[in-house]
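This is the structure, below, for whatever I ask next.
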Amino acid sequence: MSNTFGQLLKLTTFGESHGAAIGGIIEGIPPGLSIDFDQVSHEMARRRPGQSAIASPRKETDVVEWLSGIFEGKTTGTPIGFLIRNQDQQSTDYDHLKNVLRPSHADYTYMAKYGIRDHRGGGRSSARETACRVAAGALVKQYLKTQHIDVRAWVSQVGSVSMSQPVALDTLYLAEENLVRCPEPETAAKMIAHIETIRAQNDSVGGVISAVITGVPVGLGEPVFDKLQARLAYAMMGINAVKGFEYGAGFAAASSLGSQMNDSFEIKSGRMITTTNHSGGIQGGISNGMPIDFKVAFKPVATISKTQKTVNLKGESIDLAAKGRHDPCVVPRAVPIVEAMAAFVIADMLLLSKANQPLS
Amino acid sequence: MSNTFGQLLKLTTFGESHGAAIGGIIEGIPPGLSIDFDQVSHEMARRRPGQSAIASPRKETDVVEWLSGIFEGKTTGTPIGFLIRNQDQQSTDYDHLKNVLRPSHADYTYMAKYGIRDHRGGGRSSARETACRVAAGALVKQYLKTQHIDVRAWVSQVGSVSMSQPVALDTLYLAEENLVRCPEPETAAKMIAHIETIRAQNDSVGGVISAVITGVPVGLGEPVFDKLQARLAYAMMGINAVKGFEYGAGFAAASSLGSQMNDSFEIKSGRMITTTNHSGGIQGGISNGMPIDFKVAFKPVATISKTQKTVNLKGESIDLAAKGRHDPCVVPRAVPIVEAMAAFVIADMLLLSKANQPLS
Amino acid sequence: MSNTFGQLLKLTTFGESHGAAIGGIIEGIPPGLSIDFDQVSHEMARRRPGQSAIASPRKETDVVEWLSGIFEGKTTGTPIGFLIRNQDQQSTDYDHLKNVLRPSHADYTYMAKYGIRDHRGGGRSSARETACRVAAGALVKQYLKTQHIDVRAWVSQVGSVSMSQPVALDTLYLAEENLVRCPEPETAAKMIAHIETIRAQNDSVGGVISAVITGVPVGLGEPVFDKLQARLAYAMMGINAVKGFEYGAGFAAASSLGSQMNDSFEIKSGRMITTTNHSGGIQGGISNGMPIDFKVAFKPVATISKTQKTVNLKGESIDLAAKGRHDPCVVPRAVPIVEAMAAFVIADMLLLSKANQPLS
Amino acid sequence: MSNTFGQLLKLTTFGESHGAAIGGIIEGIPPGLSIDFDQVSHEMARRRPGQSAIASPRKETDVVEWLSGIFEGKTTGTPIGFLIRNQDQQSTDYDHLKNVLRPSHADYTYMAKYGIRDHRGGGRSSARETACRVAAGALVKQYLKTQHIDVRAWVSQVGSVSMSQPVALDTLYLAEENLVRCPEPETAAKMIAHIETIRAQNDSVGGVISAVITGVPVGLGEPVFDKLQARLAYAMMGINAVKGFEYGAGFAAASSLGSQMNDSFEIKSGRMITTTNHSGGIQGGISNGMPIDFKVAFKPVATISKTQKTVNLKGESIDLAAKGRHDPCVVPRAVPIVEAMAAFVIADMLLLSKANQPLS
């Protein structure tokens, strides 16, 4: 199922970085949803290269052409086909890489697996594919909105620069007010400076995206293999450059005691809550109604302008310095990708829960 | 697909902690594999409660009854049904919990989701279900052995006690020589002491399991959503009490530079390798032939004997102190579970790769 | 997915004819369903060998042992594991067949596919596996009953003996009042006589099972590949010995005109109906609220006592006359299998429709 | 999975009859296949409306735009996205049908299921979607050709006109030499005359397509639910207007004896064959190396120019006479659709068998 994500709400994508187009098919969005196309454009702009001084200068207008499944502005319940033409295909930029196996890229593994590859811009392995996820995710987020569910992500770490404290939900909007998408304005400034320094060094740097999902009803997620956190982890680890995932207390739980980690139940305003939320909104693999929070670690972009040792297709040792356009730090542009994938997981599990209601 | 794991190599499990039996169905193991049943028993013993002074005293013989799919000692290619009877069903131990929603357990979420639950020992949410994974995993590991693939896990952290340095592959066997399954004998002793201290405090403690998979051919894993790391993360996050997953450089990559993280290719003894392995054996979602390594964070067991505040089914605030048998630290027993799930992922992707060979 | 049927309501089966046991795992039955175990036994008795003078004399008590997913008589929403021990394992009956490739059996194809097989009683290819479908189907039918959906099948043809006219829904109960399960008493008598004649000739004979599903709400089935008729056909053609499937007007539609076949809509008692039902209750792959009717053709049982030419594993030409116990005509015992599989399809599509409701 | 067909070789389609475009995504075709685009155009022409005097006059050039997954003329193993623009969108033809529920069409069931529909030309329920299957099937047939597998279909019945005898494989090419695609030239002439008569009566007529698949290796198909015939039936019953499926002896087997139907094995030229082929090339759900043959019954097209009684969205009884363009008999154009779907089933099972090889 490598190109399809989801069980009831599904996205299947196609396309290479420098082919004619990328696109996909969305299935399972309930019929009758009015689509806000401006909102889609807004999400695309958040991911688009060339959006700011700290992103790749590749120019893509990323206009989504919707081909089916929407009639007179509303979803019809039939599959939604869409297309994004590749415009800034400077394919000759990649001629010198035709026979090169770039370090920590997918060149070698694709050649070994398929015996053939579209070398231009990484072909299918390019993060350009994620534009499809953001386009589709924009629709899914609109669906979730009708269910009062909100998915928000932000940059909490860039290289050595981290946020100073946990974010308050009501200040999250600040993340969208700076280039790096960090809701702490001062930290954001430091992150931007850090990225600019790294770029000046012809290098790249990693980072962490944090996310929170609010409004999730109790009962989403399936016991055993399809725990809600398992589906979220699967979704996040399927994003390019992601190296780690944790939810709730995460890795810190490993060095903690049960008495510190357990979340006591209490009734507040007639509603069951937990006093703390080390569980990250999920218990036994099932949402408990508290906010679901998680973190995703990204490695530095593998493409750097520094000279590196590597090997070509003939097995000869060579020196390589990237000429293509690339991001010094991918995390600001990855924020809408994380949101899109999380939205897909939640909406899929929400639909599944509708099919699994107890007999009354 | 909540009770089925895998696409071509599949495990479907059933069973509650204190029902008649747990069991499962394994599909996709190639026909003609000779089964070593002693090896299965050995794996079961590694997971079994009551195996040592630092584990839960619940007594389960965990004898696996194989019901189909094996003829004259060999797999036939048909589904392998198996059964593990629940023996030490001290169900009355759980009578006092019938109406209690234990903190950080699945009591509340199951009731909300299903409107009904088998409260005894956590029912389906109990880690007892993982005995099925270990039984099935034992067969899968035997299959992988015929392909020269080896999956090994060990405890690298218990609470505040961590291993002092990365483990060498040739000392991994030491992990099985102590109760806590840590390959550094001195650290193991400290971990055991730490667990005993925690238990004396009626508390529990978390930990980290590390794993390495060797002998994996180049080319396993699928681009986009089914990246090998995404499948591994999904598998690990589906294990009870797991809070985080990372592979290769993991979260540390977030604070690193591209020039530090990139793995240069080189040819050694006629074989493509990378000089370093920050990629953790996976590039672009596809195995590159280097060892695949990852880490899994476990929270402390939620069941503790300390008194905690919680709520009962009527919504009344109550005090709770566990009476059931439980582990002060689950990671030593979880080592074979991590191995089993990793084995399933690799074997599934291996079978998939056989279907995806390039035309010659 | 060869051993799993269904998408949301799923049955996975295991087991060989003469192994320790057959059994399965049922997933997706909504929690809170009270199980009538007598009804299960009744369904098992309808399929059981040895039930009458015209069925195989193999003795199987076919007692279903329920292992999980049912608590205090009600489904819990967790997987329902079950087991049926094989009792009358006269395996030595099959020693003479170990090296024989029986005509129109699966001996040759299994050997070619798997390189190994459990030859006793056909192993996995035996229709004994369908006992699991009937056991599981009995639960599904109970679920459908809570939704006012009824699945009924009967024998409409045995060899050259066919029913004289279409059956009226209110006389369908007559089918269960004779050995051959035909609702026309006089035709039933002829069918029984026909079967007895065939058996006396050491031969076997085919037949047709007809079915009708009433109470199906409008809207079940998915356009394109998962049309309701496609799922029904898939379900029926997966039953041993089935050679053909048709619904509504079926093959007769091929020689008809559009003006004869089209079903006019009309409103009757405030409800949309069609004046005729050549559509068999399905239009555009989706149920239209009219009764769903279909027919399933069964070939004669391949096992006959007449001497036949065939080949052994060495490729030598040999003569074969069956010694095992077998049915001269399988259709009377296949009636509950057809019902079980149809129930699975409808219930699966019903659950799916709950997840696909339009936004209001 | 309503819009996706297949397990390892997959086709997902989108698109409505009168939307911007139809299209799809093909996954799983092995990398390295050289594509013959002329052959694709040839297949499209076989299905295209307006191709002859006995087909719908709708004009569609049906040019397939390939968007990804093919590099320098060869498949790369990544998903193949493609698009077919809708050109002859005479949508105003359908204004008068906006509120009409046409007899034996999907208008009513779509409205009931989705609460909204694109009424133009039947929207998603239109057989226009099958153009995607033919485009994708053209690639799959090219893949099968590299495996020496050939899928061929022809018209064996139109209304009351049937072929006089079973077709010989070496005369099948004759089917493509006449408008109705029947390999008996004299019968073809009668069929064409029959269709023209029916059209003159403002009516439509049904028919039967027969097919044979040669070169299939022994061992394709899975026991139990995914028998090869079950997958074929599912594929065929998912084609618009299909009412029945049978393989091998089919419905005729129901009135036959075991001694007539059993296929004796024999060794011929060192190869296992069966003397007869009532089994239709499949035993126990698995291919036995003999030709696989089956038949598919099509109802008459529901759109007829004769006046019919029906109901509109307000529930009022109305008279309706079709004004849109339509086929008097769909079977000649459905021949490449049957071939495409059969090719998908065989190729999918072939890939699956590669993953399931016995250990040597």
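Things worth noting here:
All chains are identified by letter, namely A, B, C and D, in their written order; residue positions are counted from 1 within each chain.
The working rule: a contact is a pair of C-beta atoms (placed from the backbone, for glycine too) under 8 Å apart; a residue touches a chain by one contact, two chains touch by 3 or more.
Remember, predicted model here, so these are calculated numbers, not experimental data.
Shared contact partners of subunit C and subunit D, listed by label: A, B.
At the far end from subunit A, in terms of centres built from Cα atoms, lies C.
Between the chain pairs B-D and A-B, more C-beta pairs are in contact across A-B. Inter-chain spacing, taken between the CA centroids of subunit B and subunit C, is 39 Å. In whole angstrom, the spacing between the mean C-alpha positions of subunit B and subunit D is 46.
Subunit A and subunit B, compared by their mean Cα positions, are separated by 26 Å.
Contact of a single residue of subunit A with at least two other chains is seen at positions 2-4, 13, 31-32, 77-78, 113-116, 124, 223, 356, 358. Subunit D meets subunit B in the complex at residues 8, 28, 30-33, 77-78, 146, 223, 351-352, 354-360. Subunit D contributes residues 1-5, 7, 13, 101, 103-106, 108-110, 112-116, 124-125, 129, 157, 159-160, 198, 201, 203-208, 218-219, 221-227, 229-238, 242-251, 253-267, 272, 274-275, 278-280, 283-289, 297-304, 306, 308-311, 315, 317, 353, 356, 358 to its touches with subunit C in the complex.
On the side of subunit B, the complex with subunit C involves touching residues 2-4, 10, 12-16, 19-25, 27, 31-32, 65-69, 71, 74, 76-81, 83, 113-118, 123-124.
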